[in-house]
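The next block holds one structure in the form of structure tokens; read it before the comments.
Each chain gets a letter, A, B and C, in the order it is written, and its residues are counted from 1.
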Amino acid sequence: MRTVMHCTAGSASAQRRALANAANLLADETLDLEALAVVFNGDGVHAARADAPVADEVRGLLARGPEEDAAPDAPLIEVCACSNSLASRGVDPDELVHDVRVVSSGMGELSRRQADGYGYIRVP
Amino acid sequence: MRTVMHCTAGSASAQRRALANAANLLADETLDLEALAVVFNGDGVHAARADAPVADEVRGLLARGPEEDAAPDAPLIEVCACSNSLASRGVDPDELVHDVRVVSSGMGELSRRQADGYGYIRVP
Amino acid sequence: MRTVMHCTAGSASAQRRALANAANLLADETLDLEALAVVFNGDGVHAARADAPVADEVRGLLARGPEEDAAPDAPLIEVCACSNSLASRGVDPDELVHDVRVVSSGMGELSRRQADGYGYIRVP
């Protein structure tokens, strides 16, 4: 199965809980998870900045994917940030954690993923 | 694809962000969006009142649909308000923005739409 | 159709609104609902405690299912609590309302249900 998580929370504590939700999903051994995408929009995009209080958690999440750790059966993991939200907050894509993907819109990405069969969870 | 957005926020600022989320989805040219429904329930139903601070944004959203602007390829756009929430708040359907649909229940509408293939996004 | 509701709210008032959302879905006679699952995670798990302010509403919800009231066409109703959230809050499964199911993870349960065709609603 595949899951997309949606985080729009601006506080570091809520962002941390959202990332813990993602970690809990990955840790659930009763599931056969193929892919996890976390989409940040609104004030949530600050979580994806390289200097964010939760940047290490974002990096840790991305490091769980197959490219990073070379585990062939690891789920695909993507972290996405909404370009509209970045622009309106004056955040340059260069300021984001490496490997965070900038998407045309958070709303579009959430719609597209679900049309592709992902389940949706609002976090935290 | 088709998307249903769910807004239960009572403050005008949060409602405005929810309607901006809807506008951002419509503005995303990388998508082929067939339909967008925005369902207001709980305190969110106040957003659909004709005298709401965000009434112009609701009207503007509805004006993006095919009936209003005669653009044959515009997505179908619907704004729905939960009848239970209206009744418990003493809001008469006559007080709503023209073309807002009153639905039997917000929960039922959100369930039905997803059973019909819509993706779900909680906003804002 | 089948629906899974997701509640992470810690306050009794928000939990009560979430449970009212569930009741409103069950009361909507325009729907053919086969199953409803309510998943509590985070601080939401406190709602499932036998001594919670909303415990009677949880019991009332479970009593709407086919096993309890012997109505053969009643929808299947399940209330689930995240084991991670229980453990981190020091809540023992024995402290929960009877018939609440402890699930490996709230995130996993929400993913699994959607992969099985359930629609998702964040409540309240």
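One rule holds for everything that comes next: a contact is a pair of C-beta atoms (placed from the backbone, for glycine too) under 8 Å apart; a residue touches a chain by one contact, two chains touch by 3 or more.
Predicted, not measured: the structure shown is a model, and the values here were computed from it.
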Subunit A and subunit C are the same sequence; what rotation (0 to 180°, nearest 5) superposes their CA atoms?
120
Interface numbering overlap (same over half, different under half) for subunit A and subunit B
different
Distance from subunit B to subunit A - Cα centre to Cα centre, in angstrom:
26
So which bits of subunit C are touching at least two other chains?
120, 122
Interface with subunit B, subunit A side, in the complex: residues 6, 8, 41-42, 82, 84, 104-108, 110-115, 120, 122
Subunit C - residues contacting subunit B, complex:
1, 3, 17, 21-22, 24-25, 27-31, 33, 119-122, 124
